[in-house]
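Alright, structures below, take your time with them.
Next come two complexes built around subunit A: one with subunit B, the other with subunit C.
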Partner chain A sequence: MIHHQIATMKSYQYIIDYFENSPIIIQVVWALSCILLIAVVILTIYLKKLRSRLRKNEKTVAEYQKEYESDLITYLYAGNEEAEISAEQQVIIDKLRSCATDEFKRRVIVSTLLRLRNEISGEMADAIQKLYFQSGLIIYALKKLKSRRWYVVVKGIRELTQLRVKEVHDKMGVFVNHPKKEIRKEVQLYLVTLFHFDGLKFLDVLQTQLSEWDQIQLLEVLQRFDEQEIPDINPWLKSKNNSVVAFALKLAKIYNQFEVKDALIDLLSHQHKKIRVDTIHVLGHLQVVEAKDILKNNFDILSQDEQIEFFKLLENLCETSDESFLLAHTTNQNFEIKLSALKIIKILAGEKFKSLKYISTDDDYIKIYEFLEYN
Partner chain B sequence: MNTSTVQIILTIIHLLFFIYAFFAIASYIILAIISAIETKQYMKKNSFVNYKEILSSTISPSISIIAPAYNESLNIIENVRSLLSSHYVNYDVIIVNDGSKDDSLEKLIAAYDLVKVNFLINQQIPTKPIRAGVFKSTNPAFEKLTIVDKENGGKADALNMGLNISNNQYVACIDVDCLLLENALQKMVKPFLEVTEEKVIATGGVIRIANSCIIKNGKLLDVNFPKKWIEKAQILEYLRAFLLGRMAWSRLNGLLVISGAFGLFDKKIAIEVGGYDTNTVGEDMEIIVRMRRHMEEIKEKYKVAYIPDPLCWTEAPDNYKIFISQRNRWTRGTIETLRKHRKIGFNPKYKSLGMLSYPYWLFFERLAPVIEVIGIIYFAILLALNQVRWDFAIAFIILAYLFTVLFSIVAIYSEELTYHQYKKKGTGFKLLQISVLEPFVLHPFILYAAIRGNMDYYFNKKKKWGEMTRKGMAKAQNN
Partner chain C sequence: MSDAKKIVLAEDNSTLSLLLKFRLEKEGYKLLIAVDGKEAIEMIELHDPELILTDIMMPFISGLEVISHVRNKLNKQTPIIVFSAAGQEEMVLKAFNLGANDFMGKPFSPNELVIRVKRLLR
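Let's turn to the complex of A and B:
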């Protein structure tokens, strides 16, 4: 035993001596190795705990979800016609109110409420919303709106949107031009989900750009609602914010807003090319004949994207008077324009089309012609 | 040469090795830190996204999935079914049968009720000619499917045919055997749609390894950790590369490569730059570098985005022969791309592309295996001359080894805190085990493949793609 201790001490001393007598760089390297080794050991232990915690969390969430779901269903069916809140309901409200003080449990309660809210409608859905107020959960959501962390604010707005809390509309105004785009997007969804077309008033004051993603989301929300009066989109078509104009163009197309054709024609001279191209697309969709001559007369100064879009418009609005214009473009350098021109001529003047077979030796021309000939 | 001159030369050599190793390790640490920050932000931002809305939107942008296929008869039917099962609304699938010698086309015709159609192709990028023709299904359930049968021209040529055929705004170029999750397209297209100040030219996705996973009807049912060391080690390697490397490069807007297995491109720009280069085996890296170069030259603000979500699962090599062949090709691809675009290297005109991304790839990707081998040879010479300072050698080897292990564990951490895909009990231990063993079971082969790649590049110019024998992910169902 003593021999063993002496041997251990000797080797320990040897290591100390070796370390002290080593060059400084070796000392640094060994010190770093020790740090890395300790880090590896700590992380290994922590990884084990982390994985167990993640597994446990999933299990706990599932258990709580089951419990709260059953409570919520009991609450929904325990309604008392005489009193506003039955005794059974009051027990559940008290339970939820007490559980809501714990953040983890609150998260599960809210997610369960939301899931249920999305699955039901009518009086039941109203009851869920009532419970949201009664259990005090709304207070926590409102607190989130005051957080300095953007993602907490987003969570708060989302929760209020999903539970259709219209009462906080005035509090949302401050977020419309918030510097964080995630907050802006969430508040836009709040306004449109709860106030439909009326909610679009934020476009009047929006100073930042609406991304394509935001626009698609807003339009998707709007399309869920029927029987709505479409507001006047003229002011948005004249907005200085290009993204608002782009969004208004989409509205004009989806809701067939033929009455804004004058504003659309003005947009043909917009400084932003993408807006001009989108405008031609909408004009084509709305079949605004006046646009055709304006574009035809200015064809040579249009960008290639506008020219291509114009030919798509012509596919809907062409007349025999356009024949010479079309003929001139059957040999256009651009494949799509050439295709459109020949396609329209075939529809408009079949005999003329036949006579065009050998007018060009260009490979693309021959390919397009042969394709159209047999299709 | 006198003794002191030799001594000075040796000291300089030692110093150069030291500086190189120092900067390599420092770059890994910096990239890992940036990745952690970026991942955290990404998770926060995307935890609120409702993908269902874009999913059902008819005004969502149109996407073509382009999948080249060469002798994929074994799994082609299941693979196409998987590609057709996306929940995105506005998309189509273009399978380019690149001169397969097997019965892929016949199988497809029979399975999907295909008929030859008259199809007008705008040949914006030159490709090998059409062979049997273009096919569409008579069954409305498969209306999104187009099959193009062309003469063999390689993967890049097949992708170019897909670019010519597509009528959509974006193209997702993928390997036909990849399994895409149902929400993969909407997640990948999001970066293109959410920018307002700049243009996103491409988005890269994470590639996950599907070996041993359970897949049924084109859907990933269960994620399993494979049994073979080579497969396990590749899982760890992919976690490190995607979660600790590319995430950082995305933040720095310096991504030079998007995996050929799954990437989404702005079709207009991809065509503007001339499509995929058919003269390189690293076409996936080359097109990104060329697109970036083009954007720098036209002075337009742009970004190459990256999505860390596990959206694309693929079969990784399960034996060393195929693995070495794959890595050999990757090495040649990197060399070819860096050589072809050497003009951008250290050129301030190309900003971070020329001054950061290119130098990093040159020093720490292209030259790393070469320098490592030089180090090994130098060590062997010292050993033969009995000149090894063992106190130095042992201390540095242990330090390097511990750093490697720690770095792998950090990657595992990153995975656990974000996507936590390997949930099963015991897998955590297996991941740790492979972190410790990976430097022995995988790294030597990577090094060997890289050196072979260098030799093949300089002395065997005829070598192109290696063979990848498909075991087939569908087989995993029976495992």
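Let's turn to the complex of A and C:
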């Protein structure tokens, strides 16, 4: 026994001596290796614990979900025509109301309601919303709206959107110009998802910028609805908020709002170049012939982007009277204008196009001409 | 109950499955629930149902593969109704090309589904 202890001590002493007598670089490497080894062990234990906690959590969620699913289905089929709420339904309402006081259980209940609400429509979907009110779950969502943490407010608005709670419309007004863009985006989605085109009225008072991504999301929501009755977009085309004007231009194009052509023509003198360019694009799409002469007369004072967009408009609206204008621009400095001018001439006057083959020795001109000749 | 017509429902949303089970069993059908396409195929082979209801997007084996298996491998003409979410129009077309009989876009009304089921099982 003593011999064994002496041997162990000797080997420890050997390790200590080896370490102390090693060059400094070796000592550092050994120290780092030990630290890393300890870190790996600690992290492994931590991950194992974390994984088992998450699995336990998942199992608990699945158990509660099963229970609440069954309660929800029972509630949906327990209604009778005599009473607004049957005795069986009342038992479930009371149970859910009491469970909802626990945040974890409340999350599972709401997710269970949402899982079904997103998949069905009609009377049963309405009944789910009714249960959301009766069980007091809505109170917790409304509390979230008063939170000082922006992500809690976002979660509250999203829950109300997913459960189609139209009744809180008035409470959303305060968020339209909220300094946090995530809250603004969520409230915009709430308004448009639930009130469709009517929900766009927030554009009347919007002071902040509507990002390109916000606009895409709103359009994506709007396109889910079958109704095609678009509100008057004239006020938005005249808005002082440039992003609102840009969004209204998109609406004008997508929903073919030819009746706003006067407002569109006014936008040709808008101070913001991007809006002028977009306006020309929409005018071309709507084939507003009046715009052509206005732009043609002011062609020289237009920016290059506007000039290029105007030529795209001409591709849709050209007439034989435009021939001399087009000819003048076949040798324009800009490649895209040159291409458009020659392309339109080829469509408008094939013979004339043939006679233009040798009018320029410019490399770009020759390439464009040859491309158009064979395409 | 043993004479009840059998319906295999392949749907990964357990809440929706439970709701449809209750609704269709109330109408006198026997519902067999599969949580994914793989389980659905096993159930179809085992129980030879009178109707199949299947979601398009499911784990492991999609609804399209289930239709293809029934029509091409099992060579059965069992009526099939597919469920699809918004934006899956192309999938629905593929489902019809593979031999689906009807489709319902989500969200749908369970009452409407019952009408379609009754029509196909008449």
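To be clear about the criterion, the second predicted complex is superposed on the first by the 314 of 375 C-alpha atoms of A that agree within 3 Å, B and C clash if a C-alpha of one lies under 4 Å from a C-alpha of the other, contacts with A are read in each partner's own complex, and residues count from 1 in each chain.
In this text, contacts are C-beta pairs under 8 Å (C-beta built on N, C-alpha and C of every residue); 3 or more make two chains touch, one makes a residue touch a chain.
Just so it is clear, the structure is predicted and the values come from calculations on it, not from any experiment.
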Inset, instruction - Figure out whether A:T112 sits in contact with subunit B (first) or subunit C (second), or with both, or with neither. - result: second
Inset, instruction - Return first, second, both or neither, reflecting whether A:I120 touches subunit B, subunit C, both chains, or no partner chain. - result: second
Inset, instruction - Considering only touches as defined above, state whether A:N57 meets subunit B (first), subunit C (second), both or neither. - result: neither
Legend entry - Partner chain in contact with A:I73 - subunit B first, subunit C second, else both or neither: second
Inset, instruction - For A:S269, decide between first (touching subunit B), second (touching subunit C), both and neither. - result: neither
Legend entry - Which partner, subunit B or subunit C, touches more subunit A residues: B
Legend entry - subunit A-facing residues of subunit C, complex: 13-16, 18-19, 22-23, 26, 86, 106-112
Inset, instruction - Could you pull out which subunit B residues touch subunit A in their complex? - result: 44-45, 47-48, 50, 53-54, 56-57, 59-61, 118, 120-124, 190, 192-197, 391-392, 395-396, 398-399, 402-403, 405-406, 409-410, 412-413, 416-417, 420, 423, 425, 428-429, 432
Legend entry - Complex contacts: residues of subunit A adjacent to subunit C: 65-66, 69-70, 72-73, 76-77, 112, 115-125, 224
Legend entry - Touching residues on subunit A, where the partner in the complex is subunit B: 18, 22, 25-26, 29-30, 32-33, 36-37, 39-40, 43-44, 47-48, 50-51, 54-55, 151, 154-155, 158, 181-182, 186, 208-214, 216-217, 219-221, 243, 250, 254, 335-336, 339, 364, 367-368, 371, 374-375
